[in-house]
């Protein structure tokens, strides 16, 4: 009852508050996006500096993309993302849990937090350059390993599928686990200490506490992490691009979807790039939908906040 | 007794893991900085863990190179990144609050819409974006690097999640009863509660904007408006004519130092913000 | 209290951000809006990817008055300003911006029009294309090809000409390739480091192969990587990659020869397996004193800008001699943009920079460039003033000049840059044994069609 009255009198503020976002979005993203989608139905590219098209070709771009290696690149992207994400989320959860566990007296927390976030600060392209130099066959890593006597002749890291993919995974892990840790920590610290205290009184172990209290309560942020990571993974570009000089060598096994898109953009193939973007758009939409559903239980109200709110209200009531 | 023992073991494990990870993280920075202190000829001889003596020389090369106005670039990057971070966190919070605290007709549609555009790869719209800002007369200015950050779906979603878990609507209602206007409520009550989230996102968007290369490279044309990543690319892209790896390492070092300073400053603020815990009072 | 402070701070920062942003925007508008031009424009816009051309121009062009501290504006004596628009080559940014500007050339305000732009040999053809017509024929500027450019090397004129043979650009440098070798290794293996004697050992591919075996038995590599030899084959192809008007990439027999010999040489151990490609760390290290690589195939710029900074041993350890086959590599061309509002200035700059023998000789002496003057380079070859300390007192022009005269420029197409880059990439997997020959071929086909959407087919020689 009360709620309804409120909605009548304050609705206009809702509109006012979200207006800047939408105006900005419409101007700077939607217009370019519509452009992109429109051109996906055209044959439109540059040959040298002559423009070919735009000629309307219907679904031709979409069809020829299906006939290309697009699915293979999608697979590559998935593999590269998983290699980086799994250690990232596991380590981040572990660290966030340790950092926020008042019973573990970890000294120098601040120092560790600052350190693990550092790799995220460096430009991805510069980081990739650094890795490329370090893991080259005559680079520092090989010379260190050789002088330690662990290997007799240099390992050709970037010459093998396994080596290249592992390096990409390692870099993504290093760049993002600190970021994720801080995010999850903020979430865990948002949980009321009362709950942890109550749990302690009930005598649960830290493992139990982690799985039964912490994990469910940080679900919204976890979902956020997962979604942003999936989007980030889908958009993976700088690292493999620079590490493999844009070719996804060896044998195009490290070619990601955005690298594929980039090679179309580089050739100013607006039509193909547009179609590929639309595919990407659809795929990421579907992925996020699933993840969102998964992490928010089975309520079907699109933005699934009610269940969370209800839980929170109960928790708050309990606290009082 | 037993639990104490496992706790002890856990602490040791935690230290081992942390030290290992810290080593991994610092190792690369160490190499970067060591390399920044060595001359190109030294670098050619192979890797060495001992810093060289060319630090000042390299720094001088970077600072005095008129064709790569590094300090001007850092200033530009600072302007762009701080403005983006401020706009992005403020308006994302505003939007998130608007959708969280009010009930109105298109609320659900608006939310779903933002969630849908969350997944849009930025590279896709780049060409259209360039055409658009050229027509709007904003080509070669810092504005198109700043203003679009008002609409950051990812930050919005983070803010929204944070509001869900931290802002009881009763607090807003209480403010209304006290006669506080809606904007006032947002600025005085909601924003402080969101401080930890804002701090975290401010860092992320600052870093993101600082490291952004793709869009500035398309938009910025004149030397005095270039941001740091473009300058680095210019140096690196100056191909065989400007072959000096020591200088490049130094430039990367110079480029990441300001961001580390900003991070160190803000990171304290996050911890303070998180422990303050807005809702409790 | 604290909260209020933060809120105020946030508001202040936001406002400051908006103000700062607005300030930036207005600055731009007023910057481009002033100075309406009449007749010959007041601003010459030059597009380039680095400051190489600017430094050359400042050094030798007599009309230069001064250059601003940041290097973006050069003022000429008659008050005309040259605005330098520099974009990095990296990630194709330079060509992208140039293309964008060229396409808007007709609508641009007089002072925003491009007047001069530069291109490299790998993509010069894209801009000299007659149908695209973005680079003016030199004769339209009033340059007399027969008298004004008589002393230039013929191949540079061919390179800068379109499919109908109309010259649309001119260069100050030529890039004849030579073989640069380590004197100490030559002494160790052949007992002599005399350029003539070593030249005899590398005079053609068959002789060079025997020499390679000799080097290998002493533990040396002949070249560093398979990419090193590419230009010798790739810039001597007999047919263009793509014939004008066709959409088929024809892979030349020379390229297949390169693939075959590279694989053979790599497997035989004549090349350093750990070096992959060029302009990377491994390649740089191969030029250092601890490397076992005997020689590099480089043009003059390669010796001065790549080899010399990477060499960490005593000065004078290198020498040049004839390559197994004549070739050229690189070169920057100056073009007058169609629609320029400063044709007189542009003509003057092109002539001063690429056709004045004295100017060119000064560039050669100051920057060690091999410049585009046949008689001048012949003189340099005989003049000890041009000897190089890095090459142990050898006068390298002695070897450059004959190579330059014999260069037959390979037939060009607008697709060269992509073909050259992608074929090396596709086959490096094959050389390293990651994929078989046919897979490498199909990888090249995929990549080239991606790069050039209008390519429909790739033909391989029988």
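A, B and C are the chain letters, set down in written order, and residue numbers restart from 1 in every chain.
Basically, contacts are C-beta pairs under 8 Å (C-beta built on N, C-alpha and C of every residue); 3 or more make two chains touch, one makes a residue touch a chain.
What you see is a predicted model, and the numbers here were worked out from it, not measured in a lab.
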More contacts between chains, A-C or A-B
A-B
Remotest chain, subunit B as reference, centres from CA atoms
C
Please tell me the distance, in whole Å, between the geometric centres of subunit B and subunit C computed from their C-alpha atoms.
37
Roughly how far is subunit A from subunit B, going centre to centre by Cα mean, in whole Å?
15
Take the average of all CA coordinates in subunit A, do the same for subunit C, and state the distance between these two points in whole angstrom.
39
Out of subunit C, which residues touch more than one other chain, so two or more?
91, 285
Which residue numbers or ranges of subunit B touch two or more of the other chains?
46, 147, 233, 236
Provide the list of subunit A residues touching at least two other chains, using ranges where the numbers run on.
138-139
So in the complex, which bits of subunit A are touching subunit C?
45-52, 68-69, 132-133, 136-139, 154, 156, 158-161, 245, 247, 249-252, 260, 263-264, 266-269, 271-272
Interface residues, subunit C side, partner subunit B - complex:
2-4, 6-7, 10-11, 13-14, 16-18, 20-22, 24-25, 27-29, 49-52, 69-72, 85-91, 93-94, 96-97, 100, 279, 284-285, 287-288, 290, 301-302, 305-306, 309-310, 312
Note: in the complex, subunit C contacts subunit A through residues 91-92, 99, 102-103, 126-127, 129, 131-132, 134, 274-277, 280-282, 285, 414, 425, 428-429, 432, 434-435, 439, 443, 446-447, 450-454
For the complex, which residues does subunit A have touching subunit B?
3, 6-7, 10-18, 20-22, 24-25, 27-29, 31-36, 91, 94-95, 98, 103-106, 110, 112-127, 129-131, 134, 138-140, 143-144, 174, 177-179, 182-183, 185-187, 189-190, 205-206, 220-221, 223-224, 227-228, 231, 234-235, 237, 258, 261-262, 265, 270, 273-274, 277, 280-281, 284-285, 287-288, 292, 301-303, 305, 308-309, 312-313, 316
Can you list the residues on subunit B that touch subunit A in the complex?
3, 7, 10-11, 14-15, 17-18, 21-22, 24-26, 28-29, 31-32, 46-47, 91-92, 94-95, 97-105, 107-108, 110-112, 114-129, 131-132, 144, 147-148, 150-151, 154, 156-158, 160-162, 164-166, 168, 173, 182, 186, 196-197, 200, 204, 207, 211, 213, 229, 232-233, 236, 252, 255-256, 259-260, 263-264, 267-268, 270-271, 274-275, 277
